[in-house]
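These notes concern the structure reproduced below.
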Amino acid sequence: MQVRVLFFGVLAEITKTNSKLYGDVNSVSHLRSKIFDDFPEIVHYNYRISVNNEIISDDPILKDGDEVAFMPPFSGG
Amino acid sequence: MQVRVLFFGVLAEITKTNSKLYGDVNSVSHLRSKIFDDFPEIVHYNYRISVNNEIISDDPILKDGDEVAFMPPFSGG
Amino acid sequence: MRSHSCPLSAAVKNLSDYITEMLKNMLVAGPVTHKIIAEYLSALSARKDSGGHSVFLGQVRADVVAGKTVKAIEYSAYENMVTAEAAVIIETILARFGDVRSVDIVHSVGIVMAGEISLFVLVSAGHRRQAIDACSKTVELIKEKLPVWKKEIFEDNSHEWKQPGLA
Amino acid sequence: MRSHSCPLSAAVKNLSDYITEMLKNMLVAGPVTHKIIAEYLSALSARKDSGGHSVFLGQVRADVVAGKTVKAIEYSAYENMVTAEAAVIIETILARFGDVRSVDIVHSVGIVMAGEISLFVLVSAGHRRQAIDACSKTVELIKEKLPVWKKEIFEDNSHEWKQPGLA
């Protein structure tokens, strides 16, 4: 299985990418620990996580093809 | 002495004029009684009176050249 | 009333000059056209200190009253008093909302057809909240304070005064 | 994102079609131009059941931050989620304000220079009060709910993220 991870705002700047594929992750917390390994700086930032356009507050199971976004506080308008 | 009386909105329609001169009136209440004689229908309508652009609530003395307006409730916008 | 020019496009020397200029252009014969609105909006780009603009547009509705459809409204105004009261409204808004940079009002006099605009209010501020709140308050003060009257004209050319003031 | 056309000018078949059409045109590359705004405003005259339109324009301010002047803002958006959230916002507003006839939102993506418009919100209603209140609420929901980020770009080409989200 594989999920697509999107980084926005300042997080895209510190990860130097907008999007990265991760395989073999069974939950959001599992994915997050892999991302922390790749981009340890992320730990210093505030963000929310969405799975398939829905902001999550728990730790859902991930399935193949899910889109997971790491989003700093919004500042549109 | 002479004052100019302005009628607006529905009051201009029932008096059939926008403006009329009145002489020898010493106060707003005196003027109003003359206007009631000329246009008895006015008594059926709600209005406010201004003297020189200021809405009045008392009975001021009038002087030569004053502009007195009879104004139905506003409905701009 | 005179031909339209946009107050914001002129250099605003001081508050009193600005209000004087605004009031000269405030009453327009007939509808507030898209051309007039576009002039005001295009002047905004020069205001690099403003983060939000709030606009209100009042439009003539084709209301149906007792089976008859409104085709137009004829506005009449006590013009001298309108400008005097509008100056007070602008001073009130600027005093109450410290972040507001400008308040513009354009109001129709005469015939405005259904679907046309009769009132344009534009408030610019440093930040959105005061732009929105000040525009809302300006519209309420216009309705309450400006000596303007509207006569609804129906498709059969009969008419009816809005709020005729029958005692 | 695609080339702009105005949703109100199309026949609104039903609510879902209307929202779908609105969302297709919601994100524009670069500033919300006067041409786009004029298209939306010129469509209003066909809405003879609307008595009031409330508009909000968000503009890029030439703020001075630590001695440096902002020359532009670069907006980025999570586009799929923006349109999903905007649909919820519009449904929320229409459900809460029964007199509202339409809600339109246009938001920039990419570079918007100081003095240019980055957000356009237009709410039409039968009467002024709901037009104004619903527009105000729509703007607040946009700020709160839409996944959009802004990066301030200064005259020396350095940049700074607004609300960078430092923990």
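Residue numbering begins at 1 within each chain, and the chains themselves are lettered A, B, C and D in the order written.
The rule we apply is simple: a contact is a pair of C-beta atoms (placed from the backbone, for glycine too) under 8 Å apart; a residue touches a chain by one contact, two chains touch by 3 or more.
Everything quoted here is computed from the prediction, not taken from an experiment.
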Steps needed, at minimum, to go from subunit A to subunit C via contacts: 2
Gap in Å, rounded to a whole number, between the CA centres of subunit B and subunit A: 73
Cα-centroid distance, subunit B relative to subunit C, in whole angstrom: 26
Subunit C and subunit D, separation of their C-alpha mean positions in angstrom: 23
Overlap residues in subunit B, where contacts from two or more other chains coincide: 77
Touching two or more other chains - residue numbers and ranges from subunit D: 58, 128, 139
Touching pairs - complete list by chain label: A-D, B-C, C-D
Partner subunit C, residues of subunit D touching it in the complex: 34, 37-38, 41-42, 44-62, 114-117, 126, 128, 131-132, 135-136, 139
Of all residues in subunit A, those that touch subunit D in their complex: 6, 8-13, 43-47, 50, 53, 69, 71-77
Touch list for subunit C against partner subunit B, complex: 58, 75-78, 80-81, 84, 107, 118-119, 139, 142-151, 161-167
